[in-house]
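The structure follows.
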Amino acid sequence: MNTTKRTSLNIQSLIPNRATFTRTFRVAAWLGWQIESNWTDPFLFAIYSIVKPLSGAAILVVMYSIIINGAFKSPIFPYIYLGNAFYMYVGGVMTGISWAIIDDREHYKTLKYMYVAPIHMPTYLLGRGVARFTVSSLSVLITILFGVAFLHVQIDLAAVNWGLFFVSLFIGVIMLAMMGLMLAGVTLLIAQHVWFIGDITAGALYLFSGAIFPLDVLPKYLRPVGYFMPITYWLELLRRSLVGSVAQAFPTLSRFSNTELMGILLGLTVVFAIFAAVIFFWCEHRARERGMIDMVTNY
Amino acid sequence: MNSEQSSATSEKWSVEKNTGLRFFLQTVIARAYPRIIGQQREKSWMFFDILLPMLAVSAYVFVYRAIDAPDEYVGFVVMGGAMTAFWMNVLWSMSSQLYWEKEMGNLSLYIMAPNSMMAILLGMALGGLVATTLRALAITILGGWLFKIPYEVTSFGQLFLVFMLAMVALYGMGMLFASLFLLLSREAWHLSNLAQEPVYLFSGFYFPIKSFNFWVAASASIIPLTLGLDAMRQLVFPSGAALGFLSVPLELGILSGLCVIFLTSAKLLLAHMEKLAIREGRLTESRR
Amino acid sequence: MNLAIHTQNLGRIYKIRGGKKTDPKELEALRDVNLEIGQGELFGLLGPNGAGKTTLIKILTTLLAPTSGQACITGFDVIKDPQKVRSRINMVSGGESSGYGLLTVRENLWMFSQFYGIPSKEANRRIKELLKVVGLEDRLNTKSSDLSTGLRQKMNIVRGFMTDPAVLFLDEPTLGLDVGASRDVRSFIRQWIDENHPLPDVPSGDASRGEGRGEGRTLLLTTHYMVEADELCDRVAIINEGRVLACDTPANLKRRLQQDVIFKMEVSPLNGLSADNFEGLPGVRKAIHAPKDGSAELDLILEKDDALGGVVNMMTSNDVHILNLQKREPTLEDVFVDLVGRSMEEVEAGEQ
């Protein structure tokens, strides 16, 4: 009898072949969209996609206007406004990917069937995140349009560095997806609490990513966390590509050129992707050991 | 199974069952129990419900620092951040809870049992309130210590009264939403999600609602946290009174009114929901 | 003495809301159901999936209103007096996971006991006692999310019995359980009725089952397992498409077929013959054909032994070989076939 304990991970089994990847991703994205969009009619869905992001932005606008008395032309305002707008991707993508675990496990009770199906689980989760990503894109767009139309956020379309913008956006979304995967791993091991773990984590990381205030405002001992977060460089790149002048007004990252920032973002994305793989598969392994793949924990 | 045991069972089972108020309270406590115990049993909530929200609150503190706001605004944010815990709890653990219970198969057992459904909802509310108060206190104390916030309570009696009234009204609203969201079925979720940010905005979690014009602030006062938070800020911070929307006694009066309105509506809607559930036969069944 | 369960012309129509491409429909789940179940009876509702059993239980447990007719539990109307009904009943459904995963078995059961007004101390005593009976005493402090399906169902059964209801509804209590666990559950149910609660006068009774009378706990069991109904129940109602087709003791129901002869045959594939061909033969009352891999099963209800000759002749002339032939006693399955014209399996397959 073979009694060797098999604990080492088989690296090849972690990476899906192309056919599996495509099949899994396509179906998961379709399923995610069905779940996300089928709950109501398009009208309510549109309201939902508009009200939520605009309210979030309005909180910051009101905070700002109470103190500064409507000086919307100061560079700090577009800094905060754009940072907040793009930050919606953080909550959206991370929630989309990690929530699928809770939704499938505790609500639809299908997680176990997904696990026994010949699909690649991380790919499945990434696919499930596509719907939220799409909704977030709509939210970001609406928020920015609202800022430009009513709040003096000035974006000169001719001056925008479109190449930099789209490349940064693309890498950033991959990076966020990797963070979502880490959270999905953690979610496999925790009970269903009352909130979206992705949103709550995004809320916490808000502090460290220079989204709504320059990192210099943070106490010295907290700044290194911000420098380690790829989101910091991602948001800086997006701001630089859309409104270069705003980014220059704050010294935190001004010593880096666009290329250097891009290099840092790419490097950190790779690091996070490795973390994500290790954390996800470790958590999955633990969840299997402890029989938590099909638990129901509501209280 | 043990056949020798079974013959002895029900002969000894002639104990009087509780009735009336005693039975009502018994039901409340029984439904509050899983909330309080279940949550403590799964320790991950401490990290996700105290530490992470604390970090999110801090982000708003630093926004004020970045735009050189006066110090009392930092206190406002921390207090608002602590109170968001209650709003989250009401949205996710009260409003969508009957929907969850249905999905889990418990709702029909609750309706079929001789208890009052109002007692079940009160139990959920009580359990949620106790558990959340712990979190809110942790954020208030931790935030106060981190950002050196000068709390100067002018009247502990009034502060306690405001808090209690705001909570009764807020959880009354949660009980009302529970039936409402169940009637709307699958949309419950999304409605909870949708109501999150607008309420953060209009209830003035991060700034005094006096900043809105009168009618906006007055309309926002339908959400019990709005006036509760406003009155608490007036009672806790030295400059709070100057930035208050209405006087504390008036806010106390309105909150009392909201308590009556929400609890009565919750009872009426619950009865309606139950009737509809029985007539149409779909509300007790999972439709996942 | 009030009947435990009494229904008069009970009916229920579901309105099914239309989708984007479909129109709204009406589905008649129950039609004119009349039942009189005495106190202390173990009564079975037997029928295929979709026959209306669960709808009937829902009405009787105050969870669903009938669209016509009336239903009373221990003399109280389920619509007019739901509170009085609720304090006298409980229900256990198979395949459900009630309670909260993070609570232990004891905590979940304690919580539900409180919803029935049982004082805490007494509740804990009953829980311990019943858990011992179902063999779960060592799982008292296990989180219910850690229980297997079978054990969770046993916990569920304890939840139903611990409130000592006057009428207990068991909706497919052995659904999804393995053979051993099902047997345990069945023997516990039978014991509960036999040992604790004397039987009343059964309206059209079977003398072989209990002779006692007086008030007792009543159990209504729905099942689509014939053996379960036959083995457990004092009386059985056979229900299909929302209607009660027959209601009597299992022995009396089977006696309907006593004049008949029942054969079970295993034969080679029928080579184009169908059950209808056999039913056309003189003396053949019913024929049920179930094709299998490389062979076929044929169940025959015949008026007399002689009729078998015609069947064999037809087979021989169509080159069908008999592999096995058994003459057997009638079962409730045969009663169902006799009443409905199809086997329960066929009805369920047709539903799907």
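All chains are identified by letter, namely A, B and C, in their written order; residue positions are counted from 1 within each chain.
Just so we're on the same page, contacts are C-beta pairs under 8 Å (C-beta built on N, C-alpha and C of every residue); 3 or more make two chains touch, one makes a residue touch a chain.
As the structure is a computational prediction, the values presented were derived from the model and not from experiment.
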Chain nearest the overall C-alpha centroid of the shown protein atoms: B
A-B or A-C, whichever has more C-beta pairs in contact: A-B
Intercentroid distance (Cα basis), chain C paired with chain B, Å: 44
Centre-to-centre distance between chain B and chain A (centres being mean Cα positions), rounded to whole Å: 28
Centroid spacing, where centroids are CA-atom means, of chain A and chain C in whole angstrom: 52
Interface hub residues of chain C, defined as touching at least two other chains: 97, 100, 102-103
Touching two or more other chains - residue numbers and ranges from chain A: 191, 296-299
Where chain B touches two or more other chains, by residue: 34, 37-38, 42, 104
Of chain C, residues touching chain B in the complex: 12, 14-15, 55, 58, 61-65, 82-83, 86-87, 89-91, 93, 96-100, 102-103, 107, 110-112, 114-119, 122, 126, 129-130, 132-135, 164, 184, 187-188, 191-192, 195-196, 217
Contacting residues of chain A [partner chain C, same complex]: 191, 291, 295-299
Contacting residues of chain C [partner chain A, same complex]: 97, 100-103, 145-146
Interface residues, chain A side, partner chain B - complex: 39-40, 48, 51-53, 55-56, 58-60, 62-68, 76, 80, 107-109, 190-191, 193-197, 200-201, 203-208, 211-214, 217-218, 296-299
Of all residues in chain B, those that touch chain A in their complex: 34-35, 37-39, 42, 44-45, 48-49, 51-53, 55-56, 58-60, 62-70, 73, 88-89, 92-93, 100, 103-104, 186-187, 189-190, 193-194, 196-198, 200-201, 205-207, 211-212, 288
